[in-house]
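As written, the chain order gives the labels A, B, C and D, with residue 1 at the start of each chain.
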Amino acid sequence: MRTTESRERKLPVKAMELDEAIASFVHDGDTVALEGFSHLIPFAAGHEIIRQGRRHLTFCRMTPDLIADMLIAADCVDRLVCSFFASGSAGSLHEIRRRLERREPRPLAVEEYSHHAMVLRYHAGASRLPFMPIRSFAGSEIPGINPDIREVENPYGEGTVYVVPPLNPDVTVIHAQRADARGNAQIWGITGVQQEAVYAAKRVIVTVEEIVDDEVIRADPNRTLIPAHAVDAVCVVPRGAHPSYVQGTYDRDNAFYRMWPPLAKDPAALREWLDTHVRGTASHAEYLERIGEEHLRSLEVASRPSGAVDYGRRRAQA
Amino acid sequence: MRTTESRERKLPVKAMELDEAIASFVHDGDTVALEGFSHLIPFAAGHEIIRQGRRHLTFCRMTPDLIADMLIAADCVDRLVCSFFASGSAGSLHEIRRRLERREPRPLAVEEYSHHAMVLRYHAGASRLPFMPIRSFAGSEIPGINPDIREVENPYGEGTVYVVPPLNPDVTVIHAQRADARGNAQIWGITGVQQEAVYAAKRVIVTVEEIVDDEVIRADPNRTLIPAHAVDAVCVVPRGAHPSYVQGTYDRDNAFYRMWPPLAKDPAALREWLDTHVRGTASHAEYLERIGEEHLRSLEVASRPSGAVDYGRRRAQA
Amino acid sequence: MSAAHMTGAPAGTAAAESAAVAEDYTQTELIVCAAAELLAGKRTVFAGIGLPTLAVDLAHRTLNRDIELIYESGVAGAHPEAMAEGIADSVVVSGAESVVSMQALFGYVLQGGNVDVGFLGAAQIDRHGSLNTSVIGDWEQPAVRLPGSGGATDIMANAGEVFVIIRRHDHASFPAELDFVTSPSPVAARASGRGIMPQGHGVSTVITPLGVLRREDRFGELVLTHTHPGVTVEQVREATGWELAVADEVAVTAEPTVEQVRLLREEIDTVRLYLR
Amino acid sequence: MSAAHMTGAPAGTAAAESAAVAEDYTQTELIVCAAAELLAGKRTVFAGIGLPTLAVDLAHRTLNRDIELIYESGVAGAHPEAMAEGIADSVVVSGAESVVSMQALFGYVLQGGNVDVGFLGAAQIDRHGSLNTSVIGDWEQPAVRLPGSGGATDIMANAGEVFVIIRRHDHASFPAELDFVTSPSPVAARASGRGIMPQGHGVSTVITPLGVLRREDRFGELVLTHTHPGVTVEQVREATGWELAVADEVAVTAEPTVEQVRLLREEIDTVRLYLR
């Protein structure tokens, strides 16, 4: 038999500044998940972790993306838990490659999974389950380099089933389109693994494009992917996902993504970029000034409204 | 090792009449799931199964509700798979009680679970997994009366973990607010276990309040809980959930629910009700006439609109 | 506990009147008010249907605005405009803060350890707080077929603590041994040696027509802590099917106030669905 | 296969012109058109990024309006208004038929057996269609660290069949033994004796710069069925790191038509992101 530590209880949420939230909830040595599958990547929060100089983090992200190159180059990370080591169509993450291919400037520990396995690790974490079964991995060499991928006997038939263990971050940070002041957060477009990663974590920071009136949230409760009871801090950070995107608000900065691999291929240029854009700025607002208002405006999108549905309100019955 | 039969491939969906869909896709002896957690219970489809006289079904539903009393009294069902044996606040399901307490007029086989276990059975079915782990059942006598609840050793620690097997219905039937003609179905309000039950099934019938233009669905893709590739038939059946409810369209018929237990306590009265309202009507439209337009209008709800969000549309980038 | 504990009571003479003990109240109202008082300071409550609906609503109006109502249908942060006639009533959805999938509700919210208090009913309860909601008699051919688990087994295994409201207090409902263990106490779970131990306390509080029983120790027994007005300790012991432990000092349950009764009758259960 | 197979080609002289073989086309365009032709009759396609994006889009426009584009980001039934620059690009969401959770996508859509064809790339492929996307050299200290699995291991285990587009055809990319087995063939899965067998066929089709290889038998080897115009069977065999099986009759890959090239350049990849 096995008991699991209960989640920490959440007090009614207080909206706060991002720097205060990172200072309060992200500590050296923590296991930190920054999730968002290409969409809604919490870059502003990642940058603030760099500004505050966190060290020895275990960094969890299905698709590490540029934010991983940045955090690792800033020496925040000792260990990477992920299922992909590149940046989608944009190519290599050179800081990660230097660490793994040449151990420059030092090694980086890696726990490697498939995408579905990472989804299931967060799911097991959120559900306080000791493992989740998966159909993948029969014949793959991934279990051979990851002793945490194990097997159980199928009690309903023959043979074994691969299982993966829970992933329970100390802190999960996500970015959402909007929330109310208590932390009920709504997301549309690609919703990624955010709900699972939030419930799996001990502490949760949600950055949002805007805080809206309670009634906006309560008019459409099915869009609330993250209920307030799971959230410790909600921070208003407009354009907080740049250079990734926010469905309906601004598009991915594809020029930035294309610029990154050649830049990050040169360690000195990468560090200079961090000094200028992250360590050399006091806040995300200053970072955005460096990127430039005109460029940011070019990322805006035209409108495509969802239409409304009706939730109804009871009348007295006959 | 174990191989799982693949799902049957779906052709592009054709909208059809409910009687045609039941005739085509529900056969004697099938395992049939009618899901919807108090909300969106597919009563019209259940009544059509009674009209067509299906026999020897294994009937799956987390909360059997009145529809189970009706299907069992009509002698459609040999076996019941569920996690609750009453009708919420409305009390006993007397046809079920007669079968189980006095085996009148004959016994009914039962597979009994908890709610979470039923959710996980559908999840395992939809995911083609041989089992799903659950934290419940330690010390409960439910595993003692259900040999399909088993244990596996925890490969990451000590002790065992209870697991439940997949539930893969031959047919799942659900009711939704709306769909397009291809079968992309949208649901809001309580979404129950419908997505899992649909993906777990070999064949799927979706009844809807209305079929809408493709563009209505595509304006808000996050509301599509059931993608078209999972659906075999979509049938327009207005008020198809009566006496249960459709969020935003009509409310639960609480008078009907309160009427049922005393009625169903008398086997003859129950059979007469079925003869009059179900077997004595040719379609759901006729059933609704028996219920009465004035009564049905009293179930209508006032408007409470969701508001709209923006999905955005790409502009050329700088 | 006195009416002075109640927050939000208006000041002055009217306040004194509404805080006074009600002259006529039913046993049901007494039970509901006792349950509501115990929700002070709780954060997330998994509300079942029936008397718990009334208790949670009353607590929310009088004691604890921060209480979050969670329903197993998938709703967290419900704000019903009318009394819910079921855990999946349309009024718990309209205006709610969130509606999540049942998998998220049972998996992440409940099994994930986010529910402070779960409310359960039962046909039978034993000395350690195991519950029977399945059958009276033998499962294979029961004398009475009860509703079964529903979410109860899952709630017992995962909520921080469980409150039980039970409408009978006699040897049939408080037996030495349950006819069937649907939702086991941590004591029963530990004894089984199987599966994963419950993460919470199990039953902490039982409110009966005769009094209030509590369990302080996760592996301990129920102890009589309150008798209702006019009930003696001896009556409760005689009505219980085992040698009931009794607290050193047994208090008398606070009687409902005028305001509590008014809220229950005139604002909460206006159709007398549960206040029967 | 001839251009006459193509449905939707307009009639008359203009049609004849657009159905004619293009005078200038690149190797990339040849590969993309060959892949598109193989999607006739397929229902649900799990589209990766890069050349598969082009092939699926081209097939959708020319051969198979019923094809359903599924992305591992959670989108099923995408209708992108512009070419997707990633599997989670905003244009695959706007106007899509559905966006589901990643758990539903990987668990129900993919692992549930609803994907007919998965498209994968690879750095290395072996004779049975096992793929390496992890490392060149040793995993502990690789010569080249590749992207790893992403969804590839999951797609190989669960899609009905897998198409591979690979931009090199030499002993390094078609070795006798992979440096690392990221996504195993059913042959490798069976040999391991562990876990659950893949539910699909594994790799059915490999499109390379030299030709097309196919696997008819789930536990069989890749067989050369097509050579691209100007390529000999001997060249392909020499470029392959094992004794490559060759079909009794090896066909020549159909050349892109004027219309296919026009669609690729002027309507699909207007920014030449992948047509480089």
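Criterion: a residue touches a chain if its C-beta (ideal position, glycine included) is under 8 Å from a C-beta of that chain, and two chains touch if they have at least 3 such contacts.
Model, not experiment: these values are computed from the prediction.
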Fewest hops from subunit C to subunit D - one hop per pair of touching chains: 2
Higher-contact pair (C-beta pairs counted), B-D versus A-D: A-D
Reference subunit B; chain at largest CA-centroid distance: D
Distance from the mean Cα position of subunit D to that of subunit B, given in whole angstrom: 38
Centroid distance [mean C-alpha coordinates] between subunit C and subunit B, Å: 30
Rounded Å distance, subunit A centre to subunit B centre (Cα mean): 35
For subunit A, residues contacting two or more additional chains: 1-2, 123, 127-130, 134-135, 138, 151, 159, 161, 188-189, 191, 195-196, 219, 222, 247, 251, 254, 301, 304, 311-314
Residues of subunit C whose C-beta touches two or more other chains: 75, 90, 93-95, 99, 101, 107, 111, 189-190, 194-197, 199
Each pair of chains that touches, named by its two labels: A-B, A-C, A-D, B-C, B-D
Contact set on subunit B toward subunit C in their complex: 37-39, 63, 82-86, 88-89, 96-97, 100-101, 103, 112-117, 119, 123, 134-143, 145, 151, 159-162, 188-193, 195-196, 245, 247, 251-252, 254, 301, 304
Subunit C-touching residues of subunit A, taken from the complex the two chains share: 1-4, 6-7, 9-10, 12, 123, 126-130, 180, 182, 184, 195-196, 199-200, 214, 217-219, 221-222, 224-230, 311-314
Touching residues on subunit A, where the partner in the complex is subunit B: 1-2, 127-135, 138, 148, 150-159, 161, 163, 165, 177, 186, 188-189, 191, 216, 219-220, 222-223, 247-249, 251, 253-255, 294-295, 298-315, 317-318
Complex contact set, residues of subunit D against subunit B: 43-44, 66, 68, 75-77, 79, 81-82, 90-91, 93-100, 104, 107-109, 111-114, 116, 160, 189-190, 193-197, 199-200
Of subunit D, residues touching subunit A in the complex: 49-50, 72-75, 85-90, 93-95, 99, 101-103, 106-107, 110-111, 130, 134, 139, 141-154, 157-158, 180-192, 194-199, 273
